[in-house]
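For reference, chains read A, B and C in written order, and residue numbers begin at 1 within each chain.
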């Protein structure tokens, strides 16, 4: 689980005609940090600056206590001397090398002192296994599908024993099928990786599934930066992952109801029933709850069709974009939820901070 | 239809070149300088115009054999006009010697070549430029001179060959060859050496370099061609020719 | 029946030696130039590119003439080579090499530049993120990816040097075994009306050039890069 120790510190100021990037980010040294934003928001530029592929003058960057860029001291470590892994949007495998040679390319260039204790072969085997590319090793890149190529690109980045992994929309060039083929591997990475991963994306579902920490970029500025759950539950700045505001909760499968094909997800704030997706008990999962799918009641209604009802406390009320609607932040056993209701309903129920209510959850999406 | 039109315009084009008051002259490279002066005088005196092309006589021969539209050839030797006559490519009886070339051993620097050509014996130089003896009469004459001086085998390794006498001159003028055999006409103007140092090779060291002119079959009946031949024999032309270091 | 004479053999041998040395030198000199041209954003790119391409449009005699003057004892190159104790270059094999390198430069630099251009930025960035330094990247990524361009450049540079005539004529001095290459030999034969000997060499040259270009088109067809 991510510990929010801020170990990556990145401060960049880039000014091109028609584009500026002005960020000062503290990112956790473990887990997945998503840089989320529309195209042109500066997220890729930011990632490239972290990699040193772009030199943002006057910038500062330290990763796990190592300073890679500090222009006030004239320090700029060139990319090839930074122990990082980078996955581009297009797999960009070397077309003249077999998959094995592609994987070994970075691995061979890791200085001896920086190699992990287990032998070279073991680490190669590990990433090959992790990304399920063993059958591809002796092939040439042009024989691979887009999804396979991208898995190899990820493995290649990992094989070079990076201390930080950077991914620039690795799924954006793939169709839905390929995307779904890779996402499980990325989730495995998320669970197994001990190094921080910075993940650039404009796709809400990827962020919801993968991110622990969320940075929202807009026009070159960081609008928000914080743990995923907290950031999504902010009312001053409702982050719209997709068409609507909502939160993501983490929990695990606690019970299966074979008769009704349901699974119970236990999380800090209680339990939620979701459709059984054949996940085993104990499986770590994420669920996404959109604000529009939560309604608020003052009492429980056993005659309702709604399956998931959680006790909660009103924390904050705020106007939504439309004058008829308001957003309500609820605290359900320490976990933040957002509900969208009409202002009239809010007035009718007399909602105010500290009030005990019931959150009726119409739909819960299992996102990973 | 189109093809016939095209051929017709080609005909007009070529016959146009052969108009009565114009003559196409192929001139040996060594005679370029005096011929330009002569052509100007010729035009002034007769009203005819001489179009000059300069090059090596061997190349002109090949071109004439293959239908080049020259009407008069001023060759650097007497062999080519004779041969053209024999092959029916020249008008019989028009062939005469317009100049006798003089060979000079020349250096672009002063005080390199002495008045007697003794530097050849001393041999203190790296390159001796000559015109390709296979192609240029001045080159053949230079070989003859060296043979007669008994220096051929000693100096052969120092030869650099110009394709023609003009290129040979360039090798020496640029200083890349310290000295070499050129046509006196190339280094002389108005009876004086233009620069550097030279030894005018005595005529008895080689067979005379007769430069012959001939009217070619395509120039038959062109009054300008006949007029040019006459003009070359005039005192005026001979004065110009002599001033450029030729003999008669 | 005309047999290929010793002078012809010596001219062929000299020509092959000249073309080989020239091609090797062109790779050494042309690769950095092509790389720079493909990568730079400097304003010098256009002038340097134009300079390299000059031999494509200049008559060889112009190049030959200027080389003759420049490499002569009074010329800047001549002064330099003399200061180095090398003497002057015209009428020597190495003089021809210098001339050929300049003359065939665009035939090597341009295919290389195109190949480098076609590689783009991405593979270099990928290599950098995989800890390959610039030289490492150049040899392990750029050169292998530019292979079709390298082959084209080598073949064109070699063949163009073999076919060179004007420059050699101007600075060579037609010395048997030293500067009399095949093309000059052919020219001499033609000039001397020795058409039979000329035909042997000329036909050989024609066949050679055709085979070289054929190889180029068969093994390196355009637009088949993956």
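Here is the rule we use: a contact is a pair of C-beta atoms (placed from the backbone, for glycine too) under 8 Å apart; a residue touches a chain by one contact, two chains touch by 3 or more.
Being a predicted model, the structure only gives us computed values, none of them experimental.
Novice: Leaving out chain C, what pieces does the complex fall into?
Specialist: Groups after removing chain C from the contact graph: A | B.
Novice: Find the chain most remote from chain B, comparing centres computed as mean CA coordinates.
Specialist: Of all chains, A has its centre farthest from that of chain B.
Novice: Where the centre of all protein Cα atoms falls, which chain's Cα centre is nearest to that point?
Specialist: Closest chain centre to the overall C-alpha centroid: C.
Novice: Distance-wise, how many Å sit between the C-alpha centres of chain A and chain C, to the nearest whole number?
Specialist: The answer is 56 Å.
Novice: Mind checking the centre-to-centre distance between chain B and chain C? Centres are C-alpha means, answer in whole Å.
Specialist: 35
Novice: Quick check: how many Å separate the C-alpha centres of chain A and chain B?
Specialist: 89
Novice: Provide the residue numbers of chain C that touch chain B in the complex, in ascending order.
Specialist: 65, 68-69, 71-75, 78, 87-88, 90-91, 169-171, 173-175, 187-188, 190-193
Novice: Residue numbers of chain C touching chain A in their complex, please.
Specialist: Of all residues in chain C, those touching chain A are 122-123, 125-134, 136-137, 140-141, 144-145, 147, 226.
Novice: Going by the contact rule set out above, which residues of chain A touch chain C in the complex?
Specialist: 51-53, 78-81, 83-86, 88, 90, 92, 94-96, 105-106, 109-110, 142, 156-157, 160
Novice: If we count contacts the way the header does, which residues on chain B are in touch with chain C in the complex?
Specialist: Per the stated touch rule, the residues are 56, 58-59, 61-62, 126-127, 129, 132, 134-135, 159-163, 167, 170-171, 174-177.
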